[in-house]
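Look at the two complexes coming up: chain A is in both, with chain B in one and chain C in the other.
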Partner chain A sequence: MANTYTLIEAKTLTTTTASVTFSTIPATYTDLLLKISSRNNDIYNEIHFRFNGNTGNNYSGINVYGNGSSAISSSSSSISSLQNLTVQSVSTQTASTFGNVELYIPNYTSSNNKSISADGVQENNATSAQAMLGAGLWAQTNAITSIEAFPSIGSFVQYSTFYLYGISNS
Partner chain B sequence: MPTKLIINCETGEQTEVELTAEEVAQREADAKAYEADKKAKEAEAAAKAEAKAELLDKLGITAEEAALLLS
Partner chain C sequence: MAAGSTYTPIATNTVSGSSTSSITFNSFSGYTDIVIISNGTFNTGDNGYNLTFNSDTGTNYSTTYLYGDGSSAASVRASNANAISAARMNTSFGVGITHIMNYANSTTYKTVLSRGNSGALVNANVGLWRSTSAITSLTVACPAGISNFVAGTTFTLYGITAA
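Entry: the complex of A and B
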């Protein structure tokens, strides 16, 4: 069980940005935790993730999703980025609201495939807002040295924040 | 041109650069694949909902009554 959290890097966007990449991630921790507060300048709610710049069809994911009136589950396999795991706020929602997202990557330096858990919620001053809980897989055995986050379509708006933590189990 | 931000976790250096033509093409391919996947999932959900409605109609019960039977 993790007992230390170390902030590796943090960033608040000063302008609209299509993607954010944490590169040269040190291999000195046990797990990684990426916390994002973000909003898309387009209508699409999902954030995609890629590790080590890998664009091959090596990702898969499952999720449960709810919006206050219905709940569904879906899955995707052999896709080119980790998706269907989280949601963020979008351009049609209340101005200046941001969604909250967490991506947890245990054993990111292991020589096995990497499993990922994630959750995301939207902020919206209306009757409908979405929440998603997801689990993903990156079917590659390399240690994770970079993480890229990007909206499915569109860009992260100014004031979106990205915090990457390293977690040690001793 | 859209930009990307790269944060070097070793040096702390933060670089904002324009996406290359190759990266823009990748984003466009990602977006197309995402939209196709989304449409397929929506079509699947719609077909399921339609089949469910037809079955309820055939049985002559409401969704609430079906839920009660399964509780």
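Entry: the complex of A and C
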């Protein structure tokens, strides 16, 4: 069978790291899938994403979020990174717990604006944990050639992992 | 990456013109689960695309919705419907990921998990088709009040093999 689900690059952090970038994304796939297992050394659970180093106000998103006692939804527009779409574990949560995050980017080489599906969860056997579903948009028509992930404040801790896959539809 | 043998592209349909209101996939035997990846828009409106199986248009479907529109979160459901309401789409390019588990078995009803991301709403839907028939064809279609998918919209069907 065709090799449709291909690991482009894996990164496992060996030290606390402020930012992780995949900078050599080939244009040979149909979709991209980024899987993250991560924890912040600070109290903020957000992960921000940027494409192609673009820091313009070209990003927007909507989320729905639950923490075990309530569900809410919020949105953002015309901001300088994708944000508030996923959650990761943070420094105040149970030790050795890491959040799971998945970003799916279809047709990343198309000449349309890029839409992103994001899921994030962090469970830690405590009174509050969080799950977030996010919809993001990068309002640029360029093919995505690099992806940067970074916490809003703080850094990813050691043992956080980042796997980028390419998915081909033929 | 060795997972290539377990995640296989079956077919891609890219919409052209302005008259496509439904797309049917017919040939996808031999897998454990199937996944529909959608990327595109409706000509108007904001809704989930309809998903039906084996040309069954009876009231044999139900859907439970969890969604957020940027200001509030809610959950609703629909029973005895003519289709599952799957990933949300509107008039800006969005992405949908719809999983149909154990689709070929002939003993249980079929369950669907669908994530949608339109420009105005994010949703996670669970759908049920109350039939024990193996799914041999599936149709994605515009819901009532929406006439067509816009040119460039893509639907890709993947098969996942357990072993």
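Here is the rule we go by: the second predicted complex is superposed on the first by the 167 of 170 C-alpha atoms of A that agree within 3 Å, B and C clash if a C-alpha of one lies under 4 Å from a C-alpha of the other, contacts with A are read in each partner's own complex, and residues count from 1 in each chain.
Methods note: contacts are C-beta pairs under 8 Å (C-beta built on N, C-alpha and C of every residue); 3 or more make two chains touch, one makes a residue touch a chain.
These numbers were taken from a predicted model, which means no experiment stands behind them.
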item	value
Contacts of A:T15 with chain B and chain C, given as first, second, both or neither	first
Touching partner for A:G134 - first (chain B), second (chain C), both, neither	second
Contacts of A:S23 with chain B and chain C, given as first, second, both or neither	first
First, second, both or neither for A:I72, with chain B first and chain C second	both
Touched partner set for A:S155, first chain B, second chain C, both or neither	first
Chain B versus chain C as contact partner of A:A143, first or second or both or neither	neither
On chain A, the residue positions that both chain B and chain C contact, one per complex	72, 74
Complex contacts: residues of chain A adjacent to chain C	1-7, 30-31, 62-66, 71-75, 104-107, 110, 112-117, 119, 133-137, 165, 167-170
In the complex, chain B residues that touch chain A	2-12, 14, 16, 19, 26-27, 29-31, 33-35, 37, 41, 45
For the chain A and chain B complex, residues of the former touching the latter	8-9, 11, 13, 15-26, 44, 46, 48, 55, 72, 74, 76, 79-81, 83, 150, 152-153, 155, 162, 164
Partner chain A, residues of chain C touching it in the complex	1, 3-9, 12, 37-39, 66-73, 75, 92-97, 115-124, 152, 154, 156, 158
